[in-house]
Amino acid sequence: MIEKPSHIPARLGFLAGTAADPFLREELLQGIRGHQGVDLAKVVDPLPEEDPRWRVDPIRDLVDDAMHEFAGNRTQADAWLAPRLHASLRMTRREAADRRLWNHIALAVAPDYVVWRHLPNKSEPRTAPERFRGPLDRQCFSRLWWAAEIFRDGNDYSPVVTAFGNQDLVHTVLRSTWIDHRPSAQAVVRLLEAGVVSTGREINGLSVAINAAGATLLYDALAPDVPRDPEPLRQWIEDATTAPPVSRRHLPDGPDEEPVPKESVATLVGHFTDFFETAPVRGRDTEGRV
Amino acid sequence: METGEEFGPWLARQLKLTGKSQAELAEELGLTRAAVSAWITKRSIPRPTVMQEIARALGTDIGTVHSRTTDTQAGLPVTWYHRPGYPDGGRDGGNAAAFAFEPDVQVLARETCQNSLDERIRENGRPVRVRYTIHELTGEKLAAFRQAILWDELQPHYAAVSANAAHQKVGRVIDAGVRDMFENGRLVLLRVDDYNASGLTGDDYDDGRFAAVVRRQLESLKSGSSAGGSYGLGKATLWATSALGLVLINSTLSEPHEGRTERRVIGRLELPWRTVDGRTCAGPAWFGRPDPESPAAEVTRSFWANPETVASLHLTRDGDDPGTSFLIVGAQDVAGLADDDADGGKSDSEENGDDTRDIRAMHRRLVAALGRDFWAAMTGGGNREPLLETSVRTLRNDEIVLEEERVDPANEEPSRTRALRAHFEGTTVERLTESGQVAHRFVPLDLPLSGGGRGTHGRHQALVLITAAEESEEELNQVHYMRGNLMTVKKARVPNLPLGTDPFQAVLLVGRAVGDSVPFVNEAEEFLRAAEPPEHDRWGQTDELTLRWSHSAFRRINRLTTEVNSAVKDLAARPKSAGRRPGGEKLGKALVLKQSPAAGSRVRTGTGRPDLQELSAEIGPAGEWRVTAEVKLPRGVELPAMRPVAELDVRSGPRPRLAWAELEAVDGCEVEDGVLRFVPGVGRATFRGSTDVESHPVRTTLTRLVLELRAEKGD
Amino acid sequence: MKIYPYKRLNRPIALRVTSVSLRLPDGTRDPLDISAFSTQQQTVALGVAGDAWVSARIGLSATLPPGSTAADAPWSDVRVLAVLSDGETNVRTSARLRQSAPESKDWIGDIDVLRDDHVGRASLEVYAVATVDDVAGRSIAETDTPWVVDAMANEPLRGLALDIQQVDFRKSSREWLRPYADAPWIVDASGRVPTVYVNSAVEGLAELLGSRSGGIENKVHELLVTQMATDVWTAVFHSAVGDLEIEPDGSPVFPTDWQGEVLREMLPYVVPDVHVEEALRTVHRRRTGDAGWVELQTRIHFAAIRRAEVTKSLAGILRGLVQMNQGTES
């Protein structure tokens, strides 16, 4: 394990992938030695706006608490951290799609957390570089934020916790585009909750089935969602200025968006259960990704 | 009973026509010459009993004398007058103007409608209505018509021309026309009527519309300064369209002539120089009543025909609205015949199983030409009526072949018609925010001082209209330029449009076309008319422009064009992003990902690989996919082995692979360990397979199968 | 080749955008000029009015292929949906269109695009779904080419322009550029879209690239552009094949973002004669396998030359030079 950088910036910034590259040293990835953060600060582009949202402290505090709380089972930190990170770092999807921001958090704010969470338990361990500087569904922090964004049901983060109850779900499903349909995401969580699927293999199988049937079925037509309303999110972001730090014990509230229509979720729960139960492949290993 | 002209002038003309003097009539009636003179000078009218005797003396019935709506048939009968050969022996090959045109009904449509527009009666604000009637005659109807036009009198003239056909182009045309009539026993009449137009007013010989059309060869007599055509070239197309060089005319006049307005009839024939019965003829001939005042009373002039005569000549007009009917005898459409062969006219004749193909084609071509050339004049909107209405109908022996079809400008020019209508209705917008809208923008035309003076007389505001083009349209991104008569003078493509500009159509209205609310309307109209050559196909340097303004006056028009183009670009296309891109334009252009669906796929080098060509697939009883696929094989001896791969399509990411339960060769190949090996030289191979349902991740009916051939060894 | 197990319409849906209006922060609506969208390019540029907007409403008109409403059609309950999806922000929204008249093939409606939901380009498609063989929600026709809805662009151009930045490498606040201070340009393929940094510290370079003059300067300019373009295409190609998602069986997944587009445009020249999917598998095999990667470099270089249109530009440049020489001699 490594120490946190001695120089932690006060505000978030942009760290371009190319600029970040020299700092992904082997000794960091292998969890041998971290960096001081001074040189890194020189290649960071400041965020354009003076915005209280970009203060580093709340995030640094969260990861410190997570490492303390889940020292015994670091995988479980995800379910705890994801909603709290999401509620602390109040952003639009537009803002959250910028990988430079996540690069900065991983390398300048909490490289120690990345290594703590993702260094494999094996001989000659090495953290995958994509955990620092990778696709949104792989990078240590962006995957948490985005999973929270995709699985939350309006202001309710509890489906996020359920989703992280099984690492395979987030890992497999976050990459697929069918999950972008909110009722589909809620339906899958419901199946997990109800125990229809539970093992990693089952979740993979279900995901492949939904993905394949989605080539002929339009889930959007079977299970309509409510139209998106930009106001609640804008309000929630504005409230960030005055919001207290997120509770460590209770789940925070997300933006006050309309929840997914219950009938739509129910419809898809029916369809997905049917897919799963009638899949000819049952009992065999699927072609799903590991 | 309608009342004709006053007794005195009528009687005077009847005397002239019958070659009687006042004294001779007085003697026949047993009255004094003074009494007759008093009638003629309108000082008195005869007693009813005397009327009876006058009728007898003139060889007509009492009704004619009472109604006086027509001339008596007495006196010299209606006949043909052939202009004698020139004393100097000069010969013409026929009216040069008439034969400068290839017979083409589309040209005819353009020229005749233009004339009708020029002659429109403006005061009532109503459109001029132009109707084209194609009428084919055969059998008895044809014989009756030939009799009505005194064919027997003409026959020797045609024979003389035919005899010379080898030497004259015109002769050949006419020879062919005559032979068509006799050999095929048919004659096509094309009648052009206009209503709410001036009609052929004026004296038979003096300046006026009548003489301009009937007597002169190439002369323009324009009604107003916005006149688009002229009775010069325009009228020549009438005769050019007749294979017999023969056109008959019936006009209802807007201003009385000789106290009358209806059924002024004359015919004119255009033939080349010829000798008939030892007499030389210069060329033209007229069908009418011999004029007693002419030398030897031979020259024929127009006559006031009775309804029966106009009916026999197929010249009956609808109602008494002024205007003119031209009957083109032996109408031909050489340009159309070639066209028709090309555009599938054959199926038309097969369908109808008769020989009306050429008149149907003529009908279609007229409709198309009218829509194309006069869409603007035919467009109205708001409280403004269109300037022009046109229709086409086709008959055969008085029976309908194609119903009368009112030409709809929106068929040929849907988007521009929409633009102009929106202008008339006042619904144009400043900028386009929805497809289907029409935007307008004023552009200045600075009119020069006349007489060569420097400087500007005044600023006229021309109006650009623009709207999105319809999908059916061709020749996109063009501006049609037009002035008061709403004829397209110029079509010009707008240059240098930025990439991504959606197709549009635009119209520039200038002069009277804009409406009376803008300044210098008449001056602009006059200026542009002077800048318009006789072909009416552009505005630019002309002699008139140079004489009345200056050598450089045409530059004002160039400037207008520049203004128009920039206004159009402003309205239709987003201006290039302000501020220059870093790295410059060239580099920017070089570094663009095309994102076009057609991009890539594959580049052929000629060697080729086996490739799937046909695929049929169905779901088998156990839920397996069963496929039969045909593979196209390239030429070549060594064909690579290919592995058929069955997968399921997905929303995103990797596609689940299906295992084969069975895979067998049908033709041209062998299957070995799931790989196809092809027999060289067979061209194509077929294989069959069914998938292992145990490998299906979801119920098969919900899946979409993807079959590919993959090279067994990389590359 | 792909095949469905049920009856569908044979032809694609034709989609047209008919209007775009923005909702501004004060709640008012601002209809955009129709030049903000292009039917030819099938692209909507929402950046024309800057970034002070909250959402955009896109008016749509979709025409179904013939047969959708036929009385004897093998389906029922036809519905038409517009679907907007954005792979960068995982947004997927849909809107039902309504039939413009009973029995009509035209379906109209609108879909909202939120500014907060998109960084760049979203894709707009229309699906006709119906109940076929008692299965509801089956797609029976789609648009074949999606429209591009670009939240940033101020011109409706489908082609995706790579980013070009002009900076002084020595003085840039981007300190990571400093090591490259004497390079005239570098390519960074790690961002959203590949970026070319032009070093304004190299005297005269920026001026040359920005110039519009003719003569010899123009020739040098063109030559420079082809040189840079060749570099860029080589770099982005390598970056695209180096960053592939891999299926469990080891074969690569065709990327959907700009990398996919780069591959689609260049792979046919790298591995000719096969479908791009197979070409990608070949390239990936060679890159990760024991042999053949070095040999493939020639072909990658060739593909970059083709993509940069070097041959065409060079011919023009050389012809120009010859003419110029003849001009000075005579």
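For clarity, chains are labelled A, B and C in written order, and residue numbers in each chain start from 1.
We adopt the following convention: a contact is a pair of C-beta atoms (placed from the backbone, for glycine too) under 8 Å apart; a residue touches a chain by one contact, two chains touch by 3 or more.
Since the structure is predicted, the reported quantities are computational estimates derived from the model, not experimental observations.
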{"item": "Chain closest to the assembly centre - both centres taken as Cα means", "value": "C"}
{"item": "Chain pair, A-C or A-B, that carries the greater number of C-beta contacts", "value": "A-C"}
{"item": "Between chain B and chain C, centroid-to-centroid distance (C-alpha), Å", "value": "46"}
{"item": "Averaged-CA centre spacing for the pair chain C and chain A, given as whole angstrom", "value": "27"}
{"item": "Centre-of-Cα separation between chain B and chain A, whole angstrom", "value": "69"}
{"item": "Residues within chain C bordering two or more other chains", "value": "4-6, 135, 245, 247-249"}
{"item": "Contacts with 2+ other chains: residues of chain B", "value": "649, 652-654, 657, 700, 702-704"}
{"item": "Residue numbers of chain A (touch at least two other chains)", "value": "175, 177, 216-217, 287-289"}
{"item": "Parts of chain C lying in touch with chain B, wherever the complex brings them together", "value": "1-6, 16-21, 31-41, 43, 45, 48, 59, 133, 135, 144-145, 148, 154-162, 164-166, 196, 198, 206, 209-212, 221-222, 225-226, 228-229, 232, 245, 247-249, 251, 253, 256, 258, 261-262, 264-269, 271-279, 281-282, 285-286, 289, 292, 308-309"}
{"item": "Of all residues in chain B, those that touch chain A in their complex", "value": "623, 648-657, 693-700, 702-704"}
{"item": "Chain C contact footprint on chain B (complex, rising order)", "value": "431-437, 468, 498-503, 572-574, 576-577, 580-588, 590-597, 599-605, 607-609, 612, 615-619, 629, 649, 652-654, 657, 700-708, 710-711, 714-715"}
{"item": "Residue numbers on chain A that touch chain C, as the complex places them", "value": "16-19, 21-22, 42-43, 45, 92-94, 96-100, 146, 149-150, 175, 177, 179-181, 216-222, 224-225, 227-228, 230, 233-234, 287-290"}
{"item": "Complex interface listing, chain C residues touching chain A", "value": "4-6, 54-55, 79, 81, 83, 85, 87-96, 112, 114-119, 127, 129, 135-139, 151, 173-176, 188, 190-192, 245, 247-249"}
